[in-house]
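So, here come the structures, one by one.
You will see subunit A twice below: alongside subunit B first, and alongside subunit C after that.
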Partner chain A sequence: MRRGRTGPRDLAREPEPRQPGRILDARLHLLDRQVLDVDEVPVCTLDDIELELVDGEPAADGRIDSSKPVVIAALLTGPVLGTRIFGGRPPASRWYRLAWGHVADVGTAVRLGVHGADLDATWLERWTRDHVIGRIPGGTHDPEGSG
Partner chain B sequence: MIASDLLDVPVLDDAGTHLGWVVDLRFVLDGSPSTYLAGARLHGLVVSPRTRTSFLGFERSDVRHPWPVAPLLRWLHRGTFLVHWPDVARVPDSQDDTDPDGRAVTLRTGYRRYEPGL
Partner chain C sequence: MKSRLLTVALGVLTAIGGFLDAGDLVTNAVVGSRFGLSLAWVVAVGVLGICVFAHMSGKVAAVSGRATFEIIRERLGPRTAGLNLVASLAVTVLTLIAEVGGIALALQLASSVDHRLWVPVAALAVWLVLWRVKFNVMENVTGLLGLALVGFAVAVFLLGPDWGDLGAQLLQQVPVQESAAVYWYFAVALFGAAMTPYEVFFFSSGGVEDGWTPRDLATSRLNVLVGFPLGGLLSIAIAACAAIVLLPARIRVDSMSQLILPISEAGGTLLVAVIIVGLVAATFGAALETALSTGYTLSQYLGWSWGKFRRPAQAPRFHLAMILALVVAVGVLMTNVDPIAVTEYSVVFSAVALPLTYLPILVVANDPEYMGEHVNGRAMNLLGTVYLVILVVAALAAIPLMIATEAGG
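Showing the complex of A and B:
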């Protein structure tokens, strides 16, 4: 963006009031973290966050009603390698959503309270298991199983 | 709207003066309770007047080591401030990709700057 006037850079800042809940910064605590399911099995990495304006949508010109809070609706994962290199973003239909209500803890990894096998985000892994690995002789044998 | 619509976007005041770039989004878990975590409300935008992005958040924490990395990054991001979400008047239209260079967050008249520390 072409910058016109540049504003003052070191104006005084007020102390931040104490907040009633835990504080999370998107880049610092969420984005690019590994997502684990309830059994500590890796599910995906967290590529983006879906935000939802409570009781409405922003106006067509981007104006927002400050009286309505914005909350995290879901965590998103998807094919972002190409868009991170070349710019742009994947279409909305290519994102896989992990509902915020399924997030059990946020630490060095984001932990879910559900099984990863039940999520859309792991469909490719399941498809590969059933259609590729499973057709290899011995591919259905579990080496760690009792048999 | 997704987080990428806001991150790295220039921030302007109501007069069009450039204030910096959105380097992070701050959430507070004080929303409606659910089975696991409370709802995450977007509390504000972390704005850096000098850099387009942040690195490990040294300017938002009390970490002083390793020297000289921490002091250097803290100096690079000096002046970073938090602006509360109610002070945001306009956000980029997530459906409008026609002019990506013209995207900006505009703040309301009389917006207030807060310390960004965690």
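Showing the complex of A and C:
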């Protein structure tokens, strides 16, 4: 279908050329998605992504412009709910990184190919298990088991 | 192979928590004793609404494996979803407080031991079930025992009312002795109770607990179509009992023990015993539902491991959240507040939580990425949209009505 154009071509309004593979919208398909590990155990919710330039250099001063292609280096999560709700930037030390290489699939959840128990992102889960829940009798009882 | 009867246990338990929890049991009797059956239409509207959205949330859970609060966080982002989380948790924990108090009150009816002594026992019993019992054993036992409340429907027939008179009440406008504002306050409260958000949290998460896949869509539909209409019918039966016995005698209901009056008149001690079993099971089931919903919503918003199908050590923060909620419930009840009065204020929080819960469900139920070929049909979307409008209107009206009528005065 032909569409009449009135002004000069506005590149920003042009649809992107079709790329091979799937197109993911970082906000829609990644942010705030549930992350599952290789056994389908929930790990965390995604809070941010870390981008780097294709040549492997981390972006100088943290800024990335559209002049050079970038790739996702890692998915980020962490105790950053405060800044996500009220704004601001947490220090880099607050983030837990999940290497992009560990991602097996991006669907209605982000699936990792590794065990969640080995990740930094789940330390509070392990702490609660070891110091609170695991100490209550029956804490390791399998509810789907025989008794 | 699970028996046909037990496959609907999840829907029945969910509906009990929505329509027949401690607060609603009393509200239904209050409504019956003051308005007769003139508000029964609200329950019917509420049943259809919760069926529409529970069906969508169950479908999303079965097809994509994602429970409702994961969707809410994913679609609304941390800020708006966080607001919903706070409001939903307030509704859920207030109801949990009322349920633990309600179990204690029901046990007091049966034992004549003061209800405050029963509170820690009740909370401990709830926790032991959460900690130890298989999900499907839990839903089957509480769902089946809760059915003892069918005794209210039996009582309606035993009382042998003037059916023409009762039918006329269905079409009646605001009774002369009540003001329109009070009538509409109770209409909004009944509607909010029917569509209370923890029902979809529990129903969708329960579907995940039961391991639903797209092949279980028929099971999900059956659960919805049996559970919620049954819950609605029983809540109308309670109102009818009150309308037949308490309305002519001008008895004002303000506690659970008055629920028993029409029953003992209709069926004597035997029926009272059956109803007490039902009351304990219903409040216990609602306590389980709200305690689990507390864990589900927090865990799904924050991305923690959750589920009763896992060992507690594999979902530690989920279990810790439920333990803390129960501790809060016992603490609040020990201050000697009236547990039923507490639930009246949950209407305020429902006003925020209801639209923010049902909108993302409707959006995701139309998203082919989640639903594939199972996206909503047109009729479902039309119903869902109409109900969203009703929800927003009810939400906006709830707080002014509550203030104007002093919560039904």
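Quick note on the criterion: the second predicted complex is superposed on the first by the 107 of 147 C-alpha atoms of A that agree within 3 Å, B and C clash if a C-alpha of one lies under 4 Å from a C-alpha of the other, contacts with A are read in each partner's own complex, and residues count from 1 in each chain.
We adopt the following convention: contacts are C-beta pairs under 8 Å (C-beta built on N, C-alpha and C of every residue); 3 or more make two chains touch, one makes a residue touch a chain.
Every value quoted in this text rests on a predicted model; they were computed, and no experiment measured them.
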*In the superposed arrangement, which partner chain does A:84 touch: subunit B (first), subunit C (second), both, or neither?*
second
*Any idea whether subunit B or subunit C touches more of subunit A?*
B
*May I ask you to decide whether A:108 touches subunit B, subunit C, both, or neither, giving the answer as first, second, both or neither?*
second
*Which holds for A:48: it touches subunit B only (first), subunit C only (second), both, or neither?*
first
*So, does A:72 touch the first partner subunit B, the second partner subunit C, both, or neither?*
first
*Who does A:134 touch here: subunit B (first), subunit C (second), both, or neither?*
second
*Would you sort A:143 into first (subunit B), second (subunit C), both or neither based on which partner it touches?*
second
*Indicate the residue numbers of subunit A shared between its subunit B interface and its subunit C interface, in ascending order.*
31
*asked:* Looking at the complex, which residues from subunit A come into contact with subunit B?
replied: 1-7, 9-16, 19-28, 31, 48-53, 58, 60-64, 66-67, 69-72, 76, 88-89, 100-106, 113
*Can you check the complex and tell me which residues of subunit B touch subunit A?*
1-4, 7, 10, 13, 16-20, 23-31, 34-43, 46, 49-50, 54, 56-57, 60, 78-79, 81-82, 85-93, 97, 101-104, 108, 112-118
*Interface residues, subunit A side, partner subunit C - complex*: 31-35, 41-45, 47, 77, 81, 84-85, 107-109, 116, 124-125, 128-129, 132-134, 136, 138-144
*subunit A touches which residues of subunit C in the complex?*
64-66, 70, 73-74, 77-79, 81-82, 131-135, 299-306, 308-314, 316-317, 319-320, 369-370
